[in-house]
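A quick write-up on the structure given underneath.
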Amino acid sequence: MAAPQTITFTEQDATDDFRQQYLVTYRHMLSARLLEDRLAALYRSGGKIVGGVYLGRGQEAYSAALGVQLKKGKDIYAGLIRDQAGRMAFGEIMLDTTRTYLGSALGPMRGRDGNIHRGRPKEGMPAMISHLGTMVSVVTGMLLARRLQGTLGDTVGATCIGDGATSTGSFHEGINTAAVEKLPLVISVANNQFAYSTPTTRQYACDDLVERAVGYGIEGYSVDGTDLAASLTVFRLAVKRAREGQGPQMIVGTLLRLSGHGEHDDASYIPPTMRKTALARDCVTVAEEFIQTQSWLSTAKLKEMRDEVRHEVDDAFSQASHEPAPDPYKEPWRALSSWKQLEGDTNEA
Amino acid sequence: MAAPQTITFTEQDATDDFRQQYLVTYRHMLSARLLEDRLAALYRSGGKIVGGVYLGRGQEAYSAALGVQLKKGKDIYAGLIRDQAGRMAFGEIMLDTTRTYLGSALGPMRGRDGNIHRGRPKEGMPAMISHLGTMVSVVTGMLLARRLQGTLGDTVGATCIGDGATSTGSFHEGINTAAVEKLPLVISVANNQFAYSTPTTRQYACDDLVERAVGYGIEGYSVDGTDLAASLTVFRLAVKRAREGQGPQMIVGTLLRLSGHGEHDDASYIPPTMRKTALARDCVTVAEEFIQTQSWLSTAKLKEMRDEVRHEVDDAFSQASHEPAPDPYKEPWRALSSWKQLEGDTNEA
Amino acid sequence: MSLTYLEAIREAQYEALRRDPKVFLYGQDIGQFGGAFKATKNLQREFPDRVLDSPISEDAMIGVAIGAALEGARPIVEMQFADFSACGFNQIINQAATHYWRTNVPCPITIRLPSGGTPGSGPFHSQSMEGIYAHYPGLVILTPATVEDAYHMLLDAVSLDDPVIFCEHKFLYYHLKADSLPETGLPIGKARIARPGRHATVVTYSAMVHECVRAADELQRDGWQIEVVDLRSVKPIDTDTILASVARTGRLLCVGEAFPWGGVTAEVISKVVEDGFHLLDAPPQRLNSKDTPIPYHPNLWRAHRPTAANIGAALRGLLKF
Amino acid sequence: MSLTYLEAIREAQYEALRRDPKVFLYGQDIGQFGGAFKATKNLQREFPDRVLDSPISEDAMIGVAIGAALEGARPIVEMQFADFSACGFNQIINQAATHYWRTNVPCPITIRLPSGGTPGSGPFHSQSMEGIYAHYPGLVILTPATVEDAYHMLLDAVSLDDPVIFCEHKFLYYHLKADSLPETGLPIGKARIARPGRHATVVTYSAMVHECVRAADELQRDGWQIEVVDLRSVKPIDTDTILASVARTGRLLCVGEAFPWGGVTAEVISKVVEDGFHLLDAPPQRLNSKDTPIPYHPNLWRAHRPTAANIGAALRGLLKF
């Protein structure tokens, strides 16, 4: 197994096709950012949001850069806590987010589960459970079933995880199993320096988490996760190699969470000095500046895009906020899909 | 973190002190082999042995080479399934083994648990549970408590594991925690090519399990586990570095299990070709030949040693076989140590 | 043709693989080796692509099965021993059990747990975990006591659209035999009168059915007619059949091999007293294992679990009341 | 001085650390950050070497605590939420719970489980796992319902020589207050009459004690005097106190927030009917959550768990009998 590589962007990579992808991805980043800004504001104003709010601020570039490589209806994308941008880039509609956060009965989780736990498994978006690390083997199983059924083709399955969750046994077992089966699993580690309040020094002792790739016998890449160009480059490569049958791909993006763990958390444990390093660059600003430096879009066009997105966000919130909440009297309270069959047999579900 | 090293024995290592250790270790290997041969014979003749029999045949050199580096009463040694030799080298008495296998009520487990699950936690020998991987964090916790209580000094804790058990989440979490705490944990992986019937190709995808060390940020060594000289060399080094505060040490020994998984298993899944490779060398024979080549002991002396050990084995079996079995009517059937205190308070334990 | 309980489990898996190309088997050493108990013997030879050896990763094994089920497959996962499912507990109760309710997408997986005690197996190869899994919404828990049920219920489990915990008893593997298999079995969720009677009802399941029948036969000599109800499925529980039996006998003893706090016996008694209090002529009784880990030595083991002898004694106590 | 249930837990940990240098705390984010709920706020400042942040490794966290206990330490492990203890389940039930019985060496660890539902917390941050752990021999399961008990029982847990699962209820963290702490508490294993009465007994524990007392107060208006028994400890269960209460009232309702199959309420009812059948004038009843995962949306959540309203209704049903 080759040693892990650090991937950067070089001007030669700036093809036409790349520019297009960059701009599309940037728009998803912006969508995520504006949508989440609204979520945060609503959370703070109280009352509207059901439950907690967990943002991906600062991670949009890295998150969306993976989602945009994948095809909904073909590939699998299991976003985690901070993957609003990646989910959107994969094709999740805004209404799924707003409905879930606002507790609409019409959302994909129908009030039964909430916020980041949403998904549409039949559309290639598994719905994460809270227990960290557990989605790695689930996506692995999805890919395995495709292989068994002859439908794998060149599809890939991607799953995301944080630095903290790499300490779970579930992560280890999942990734090792994917490696043994040589499945096209793309595993994106967002090393945002903290797991809740816990710094990486209390989480692992290696220099870079990508060093784990060799031990699993899979390919690994490091990248600056605040840099959209580099992130697109690395995920393009990794997804391509997975599609080609090169087995699991581990990508570790380095960045900083630019919010609290949740909106209840002021993240005062993040040292101010760290906030002054390159880790703390705001990837949205960085991308915007890059677009301007490359003269890919004018300031006016950028503003236009921002306005468009803002409208979309407005619409998604306004629609969801007028929808009914779940009604406990209409809820069948059955945990088994076959409850009718089983109740036919006996007197309880 | 430096890349893992492969350790071999070179003639310069053959100091006087080394010779002494070699011979002591060889005697432990022989004890384990003869004791286990007897266990296997008793198992086959039926009736005497309670439960299954799991042998360390072929792994005695690698196993004992670790145990002999440690001091009972000071260090910790958590042997696993195939560590009869290592346990003896650490200082476990033969009677603990024979009593446990023969179901004597006087053994350390008093009939409550059996065979390889025996231990004496207060003497630095934790009693393994069956669930693989789980002892890594237990030994880590023992070391952590010593550090907290100021009694760690230059003591070390060793734990053993097989190739198969490296796939458990428990292994991963335990080793990572030890790495984060930089504790003097020596983790010995006996890669005997199979986990029960499962070959390593269905267990991991890296080239050598030692490649995992870098990903945990710990030091790693590979060794030919059939070679006592090399095994002594690597464990000397690793235990020394652990004692010096260099943090966890991972050693991967390559060898072949020269028995079934248990004595019920004929291991017919092991390819005959593999039985012809160097992996399949019998470490006891190899060591004996080495002793003779070095002229460390004469053939007569070797035979004398063998006879002595055989007598010890005879004695241990004969004593245990005359001891009483556990009596269910004398068993208090209380799972809590504080049951008297709690029953004083209420009407049940 | 005569086959054992274990062979029935193998045959059911063969049949499931044969009927439906979406079925596959996943577990440690189940391929060429045929499994620690040979429950998958030769199945890899017949279905080379659909019998897969897994790493020693119970958490991932369940996760993989769940993911596969979401893509339309029908996995049967073998835990080498029920006890090791503790390492897959989280995926079972939090991922598999909640999936349909949360997402509206069912999760049809079957998890085979070689359960229960045998002499010399000790605390970690003898456990009965049905009561643990049954506590969680979203799981079906089956506990076959006969060769016929082992076969039909396993096939039913695979065709059910929900996660099933299939608790097969190791003590029955080799010496429980049937001459042939009936064409069909009772539906899932339906209990069975294993032995009719009118003086007292014993509700039980899995290997304990046979201990209870033995105890009932023994009491028969003194003229007592004991009815033994085999639950077959501990979730759902067939309360109708139990209540009908208690209505006939007025007396209830519940017997299980699992630990005594909570579990199946407590659930059955609670159900019966809630709905059938007036049917009872005597306090309903339970008999479970002792409240310690399961002992290794056969002397201790025999005293730890219920046996025909102490079931008989409990019944005599109940009948005296 | 007035303090909350959460502050009592913090104070107890402070006191445990102060009294005994062998005590240490281990958990995710419990150091400088003071824990997800601030139950360890400032404790690292006071005891810098004995409040340790762990990686996200519940299995290893328990394993580390067990190992430390074997070397004479007294670890208190915080699970960030009870629900995540599912990832440490194996070490809890197979390593900690069996250790004393197997080896004769006790394993004194305390595992704090922030338990139970709060609105908007959903299926994975709301669970009540006491019934799961209580099934296993070798564990003590405590479920404090008051500020005073939260304090004294946590101290008792730390000084007990056995593994204790300490189920603290998140719903009580902030709004349950006491003016002061008594010098001592009731012994572990002893139940408490939370509210005396003579028409019916409600046996309950943890947050449900308060719902039951509310329901009882409500029924008082109609002249019903309901006795509420707070179990405090669900293993061991204080059967004497329960039976004495049922002897006075003749009627029993058992209320728990956990899932309805098995668990504490089934165990209590089974114990009562076994030994106190003749004391009962009506079928004993249970009230638990609904048999689905715990819903996220507060509308659904409120209907999922027992509340004063449906406890009151259940009591009226019971009293009519």
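Letters A, B, C and D mark the chains as written, and numbering starts fresh at 1 in each.
Following the convention adopted for this analysis, a residue touches a chain if its C-beta (ideal position, glycine included) is under 8 Å from a C-beta of that chain, and two chains touch if they have at least 3 such contacts.
This is a predicted model, so every value here is computed, not measured.
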item: Most distant chain from chain C by Cα centroid; value: A
item: Distance from the mean Cα position of chain D to that of chain C, given in whole angstrom; value: 30
item: Separation of mean Cα positions, chain D and chain A [Å, integer]; value: 36
item: Intercentroid distance (Cα basis), chain C paired with chain A, Å; value: 40
item: Shared interface positions of chain C, touching two or more other chains; value: 54-55, 57-60, 83, 86-87, 90, 94, 97-98, 101-102, 123-124, 137-138, 290-293
item: Contacts with 2+ other chains: residues of chain A; value: 109, 112-113, 117, 129-131, 167-170, 173, 176-177, 180, 202-204, 334-335, 349
item: Chain contact topology (line, ring, star, complete or other); value: complete
item: Chain D to chain C touching residues, read off their complex; value: 83, 86-87, 89-90, 93-94, 97-98, 101-102, 123-124, 131-132, 134-138, 235, 258-259, 261-267, 269-270, 273-275, 277-278, 280, 282-286, 290-293
item: Touch list for chain A against partner chain D, complex; value: 50-52, 103, 109, 111-114, 117, 129-132, 164-165, 167-170, 195-198, 202-204, 269, 325-329, 331, 333-335, 349
item: Contacting residues of chain B [partner chain A, same complex]; value: 1, 167-173, 176-177, 179-180, 182, 201-207, 209, 211-218, 247
item: Residue ranges of chain C touching chain A (in the complex, touch as defined); value: 21-22, 24, 49-50, 54-55, 57-73, 75, 90-91, 94-95, 97-106, 137-138, 140, 160-162, 187-190, 236-240
item: Touch list for chain B against partner chain D, complex; value: 108-110, 112-113, 117, 119-122, 126-127, 129-131, 134-146, 148-149, 169-170, 173-174, 176-177, 180, 334-338, 341-343, 345-349
